[in-house]
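Common to both upcoming complexes is chain A, partnered first by chain B, then by chain C.
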Partner chain A sequence: MSAFKFVLNELKFSAKDRTLLLWMAVVLGLSSLSVGFGLSEVHSQKKVIENLIVSDRQDRIAEQGKLSDWGSAAYYNFHLTYNSPSGFAFAALGQRDEQPWKHRIRMLALEGQIYERDVGNPSVTLIGRFDFSFLASFVLPLVLIVLLYDLRASERTAGRYNLLESTAARPASLWRLRALIRVSAVSMCLLIPLVFAGWFAETDFLTLLSASTIVLAYAIFWSLVCYCFSAWRKSGSVILMTLIGIWSVTAIVIPASARLIVDRTVALPSGADILMLQREAVNDAWDLPKDATMKPFFERHPQWAHYQPEKSAFEWQWFFAFQQVGDQKTEALANAYRDGRLQRDHIAAWVSLIAPPSLLERSLQSLANTDFNASNRYESEVRAFHRKLREYYYPKFFNHEAFDKAALERLPEFNSGAQAAQ
Partner chain B sequence: MNQILGVAADEWRYWRRSHLALGGAIVFLILVISTSLLNMLRIDAETHARSQNQTQAEDTFRAQPDRHPHRMVHYGHYVFRAPAPLAIFDPGLDFVTGQSIFLEGHRQNTAMFAESSSSADFGGLSYLSPALIYQLFAPLIIILLAHGAIVREREAGMLVSLLSLGLTGSRLLLGKGLALLSFIVILLLPLVLTCLFAVARGETFSAVLSLFGAYLAYLLLWGVIALWFAAIVHKRGTALAALTGLWFVMTLILPSVAVNIASNKAPVAGKIETDLALLAEQRGLGDGHNANDPAFAQLRAELLAKYGVQRLEDLPMNFRGLVATSAEEKLTTVLNEYAEKRMAGEVHQEQILINHAWLTPSLAISFVSRSLAGTDLAHYHRFQKEAEALRFSFVQGLNRAHAEKVSYEDDINRNKSEASWQRVRVSAANWQVLGAYQFQTASLSDRISTSLFSLRILLIWLLAFLCLFLWSGWRIKP
Partner chain C sequence: MFGCNLEHRATSVSQLLLGFNVLMLQADSLHVVRSNKAVLNDISFTVQRGEVYALLGGNGAGKSTTLLSFLGFLLPSQGRVLVKDKDVGADVMAARRAISYLPESASLYEHLNAIENLQYFLGLAGVDVTLGDMDTVLDRVSLAPDARKRNLRDYSKGMRQKVAIALAMLRNSDILLLDEPTSGLDPNAIDELHRIIRGLADAGKAILMVTHDVYGACQVADRIGLLHSGNLVGEFVAQGDDRIDTNAVHTAFASKANSSSLLSNPPSSNPQLSKV
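The block that comes next holds the complex of A and B.
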């Protein structure tokens, strides 16, 4: 029997295999469902951002009546910051249900504002969305397990095993071929909707290609595991349960215990401490001599050091200086909080090497710009934008520039950097 | 009856000899016990930290020096949400919701610092809790034990002889069911044990009992499903593969698909979105900082008429304080209206989610469990409402001090000199308006009534499969 005929026969056999067809349909359906929902979620998030940009602007214009000087402009003007979903976010929504991706900030101390969490229904976050990354990382292995565990055992119980072994020219290659056909069929059903959705969402080609490649590699990995175990001379149920055991350990037990251990070993300053310290610093300043505020402020901004605060009256210069000094005082804590989270994520990246489902999910999220790094980048963007606001207003305050409402048109605007990167 | 017990005893004997069943059960128990311990340690540490933070926040507020009362309105206060006692079994939303809210005048802030947002990220299934293990893995162990129940005898050709010996199909099934029931009760022992620790932390026995009952119903349902399958198929392999497929569709796929559907069907507007809408509405209410705001002209005219005076200076109270009080009240009404709307939106979304429990019992049990444990959305809303009530009460307390203890004349001239700053200060004794706060779960009857909807769905599932199971028992064929 020629190799070609051999393959053809096996293909014909698989085409009649109802279990395989059923699972192919299930995977195709689930994959379409996941990318469909992903696309619609991304669409609505973009819509929300678009609407917010408009109403944020309208609000600023409507508030203009309140503004009588640069100080009140800085006090009353809120500014929208946001992190737009990338072109691949539909496949892995990742941290977008958990980490804030929009803020409205103003010139007050930033530490009091940046931890605001405008996220949705916590039940949604807890259960988690059915996105492509979830399907590929957690469900795909189970489908492969169900399809491959009794590759040999089922033929053995059907009484065809010995017949097949003796008629096939190379018995081992028969099982390999059968496994290969099943895996490729299921992987195709998984990836075709992804590719279509990617084409629809104008995802960057390289991103789509790398995502497909790693998903394929992942499918091959699980197939190899299943294939090896299916050769085990045990009953089908023992093989199946062992494989599900392996899935449970790598998909749930290792990630969950690693999360506990990592959180315990990498200590973070408590968020409450950052906020309390910041509030104390800002509020104490009202009662302290102005010099106590201006000195640390001038250390950061020596260019305004010539400024002489008035002894007792309220001045915006002083007000915003102590807002900034509030941030300065919490800087160490806030940095420790950020670095601690980065370190946790860094360790998680290494640990996920022994938990393939986490590894795949993390990789897809990183391709989609929805991982922790992306939300951290967004946080830095917000900080940078806040700095820009300060740089805009400080010269107006300290140089006593005349108030000019028209100049408010030239206020810095937030540009989402992640928008450009796919 | 003896026959039924005999069948049950035989089943136990079979399980004891089967390495697979035994191994699975032992792994499950180890997993559930270690998770319970770890979770308990974590929740206890959290409880301790948050209650300490709460006391510290209250002490700092009350220890503030004499100052202008409005300064204290902006100084603000923090509340912390202590975990519910049963969070040691089902932490529910605790992990993904903010733990603390900053309370200040003129604003309702969001709850900040959810643990999940600073935790190491390992993806969707890594929030392991004892409750999740019961929802996810216990059904698998039950499938492992029950899938061979009758199909095993059928495959070995023993069913003919068993049935010809006078054992009826229904007795055979009941016997197997009894064995499985006793096994399920054993599986639930760690749950009871963990929950008893919650009793030591202030939970009632009846809550533990209802939680036990809910999980018993859930696991029984899976037992019945598995036995029913085992009674109707002809090959063990088919039973196991089909049940495993059913398991991961029900526990893994359908709940998250339901999340997609619910969030798609009933999107909830975010806080910034509603805040902006609110700001637009609020523009008519007047700025409480500015007593000259035309919005307060009416209040001003009324007060002048009431006390028969010409000038604000002659009022017995500080007009600025009254303005602050009135503005805060009006604003809070609007804020609460919007907050209620947002919460109603979330509840609506959640309701759509719960409706999908008709498709999968694992959604039903997760909602029942969270509600009974006091870690559900209703409790998160309860926290937000309590925080808001506290915010309003201390802000208005401070505004009262502003109106009654600071003279209007001093108040408008406060920026003139150092001495005028001193004159508008009120004594720190006024900071005692701040009430103590401790988050507590709702009463058990409230919790049960929230859980009733999903509980009913769960019980209907159980009843339906029980009927199916008994029906197939009468018709059992070799």
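The block that comes next holds the complex of A and C.
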């Protein structure tokens, strides 16, 4: 008997398997829904960024008409920063769900601005969005378990196992082929909407290929686990409970326990503490002698040390100096916060090696530039941009340059790194 | 009855002409142990081409175990089983190719119709048959043409058994192993199935069936082996044109069944056994 006839026979049989057809439809529907949600969210984020770019420019032009000195320009001008979604972000929204991806930055203390984010429904944030990475990482294994756990057990229960084994010209191949057809059918239903959405979102071909390969490898991993357990001479319910147990441990217990342990071992200062410290530093400065502000400022900018603040009058130099000193005072806390989060993410990456669902989710988020590194990169870009603003304005303040509206055209502009990558 | 004997006599002549005395199945001092318990003890018997051999016994006597040994699902702890003179343990696949197996309450796929089931299982076996061949065989087993396109979930047990028999016939193997083929069938369906089994044997198939139906075994079998607690305790052979005497088999079977039921009662509740 030729292998082709053997495969064709099993394909014809599977085509009449209503359970398989039902699960194919379910996976196709869920996959379409997940990429649909993702595309819609990414479209809305892109639209927000497009609108903000226009509004930001219009706002700055409108403000410039009213400006008469460099201090007011620095105070009243907002600057848009944003982290554009990548072409693959629709599949794995990742950190874009909870971390900020847009800021309007002023020359004021940065620590008071950089943690701002849109207020969303906390319940939704806790659950997370239903995107493709969630579907592939957590739901796909369950579908594969349901389709494969009783590959042999159901035939034993139906009294057909010995008949099939004694009839099949290649009994070992029969089970492998049957499993392969089921896994291929479900994987196809999972990936078709992803490929279409990728084409629609103009995703980079290599990214799409890498994502599909990773998802297929993940499906093969779970299929092998299910296949091995399906050969166990136990009842279907025992095999099912065992596989669900494995899924629970790798998808829920290990990540949740690891998070609990990491949260306890890697302590983080609270964001509120950073904000409070910065606000107190800035507010206190109004009542402190100006020297108390200027001394730590000149330590960072010795080139402006020649500046002698007036005793009583308001001066923009002093105002922006105490804004920076506010940032300086929270620097240690802010660095500890950032380093702690990096360390937690680093540990989570190691833990994901024994929790395949987390590993897949992280891999897809990494491909989509929506992981913690991408969010951290954006924060660094905002900090760098804020530094550029200071570097632009400080010489104007401290060198007492004459106000020149035309020079405002040469204000630093934010370039989204993620946007450049895609 | 007279007609039946004439037919049988004619068949016996044809068997001689076709050289039917060829060993197709052989159990040679077969011992099988499952879960550290001996389920077959020193069983020896043979089945020849054109012969129906019925293994008769109560529940747990080891009937199905014997069949599974010929299919290579259970390997002997001692002794051997041979299919067409070849040790099953040496080449399980060769043994299975030579055998068509009809399990008890043959569960074909209920979401498929008769034709689709035959196509699937024959495809699995690598046997090429046409739709015409299938119709011919389904005619032989008297499955109504209008039923053939209905899913098996709408079939009676007898109809399903006919499809399973048709499958065994279409595989065209030399040997048929039938596990309780008449279990749960009505008397008409049993008679029809016996007619089919007899016809297959007369066409040269070697048939080993296991059953606890004494009457049915006597009606169709050329030889009957009586299995009790894993031991072959007796054998009955049809003499010439006469079928095996039902009463003799029934008496032997009942005495074994009674001794079994006696043994299964605790001594305290059965004073006769404690005297023994």
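One rule holds for everything that comes next: the second predicted complex is superposed on the first by the 416 of 422 C-alpha atoms of A that agree within 3 Å, B and C clash if a C-alpha of one lies under 4 Å from a C-alpha of the other, contacts with A are read in each partner's own complex, and residues count from 1 in each chain.
Here is the rule we go by: a contact is a pair of C-beta atoms (placed from the backbone, for glycine too) under 8 Å apart; a residue touches a chain by one contact, two chains touch by 3 or more.
Bear in mind that the values here come from a model prediction, so they are computed numbers and not experimental data.
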{"item": "Side-by-side fit of chain B and chain C on chain A, or clash", "value": "fit"}
{"item": "Partner chain(s) touched by A:Asp371 [first = chain B, second = chain C, both, neither]", "value": "first"}
{"item": "Chain A: partner with more touched residues, chain B or chain C", "value": "B"}
{"item": "Contacts of A:Asp327 with chain B and chain C, given as first, second, both or neither", "value": "neither"}
{"item": "Touched partner set for A:Glu379, first chain B, second chain C, both or neither", "value": "neither"}
{"item": "Partner chain(s) touched by A:Glu111 [first = chain B, second = chain C, both, neither]", "value": "neither"}
{"item": "Once both complexes are placed on the shared chain, angle at chain A toward chain B and chain C, C-alpha, multiple of 10 degrees", "value": "90"}
{"item": "Which of chain B and chain C A:Phe13 touches, first, second, both or neither", "value": "second"}
{"item": "Smallest separation in angstrom, by C-alpha atoms, between chain B and chain C in the superposition", "value": "12"}
{"item": "Residues on chain A lying within both footprints (that of chain B and that of chain C)", "value": "none"}
{"item": "Residues on chain A engaged by chain C in the complex (per definition of touch)", "value": "1, 5-6, 8-9, 12-13, 16-18, 158-160, 162-169, 174"}
{"item": "Chain B partner contacts - residues on chain A that touch it in the complex", "value": "30, 33-34, 37, 40-41, 44, 48, 51-52, 55-56, 58-59, 62, 66, 80, 95, 98-99, 102-104, 112, 115-130, 134, 137-139, 142, 146, 150, 153-154, 157, 236-238, 240-241, 244-245, 248, 251-253, 255-260, 262-263, 266, 268, 270-272, 275-276, 279-280, 283, 286-287, 311-314, 337, 340-341, 344-345, 347-348, 351-352, 355, 357-358, 361-362, 371-372"}
{"item": "Residues of chain C touching chain A in the complex", "value": "68, 71, 73, 96-97, 99, 101-109, 111-112, 116, 119-121, 123-126, 171"}
{"item": "Sites on chain B touched by chain A in the complex", "value": "20, 24, 27, 31, 35, 38, 42, 49, 53, 56-57, 60, 65, 67, 71, 74-76, 78, 80, 92-93, 95-100, 102, 109-128, 136-137, 140, 144, 147-148, 235-237, 240-241, 244-245, 248, 252-253, 255-264, 267-268, 270-273, 275-277, 279-280, 283, 287, 346, 349-350, 353, 366, 376-377, 380, 415-418, 421"}
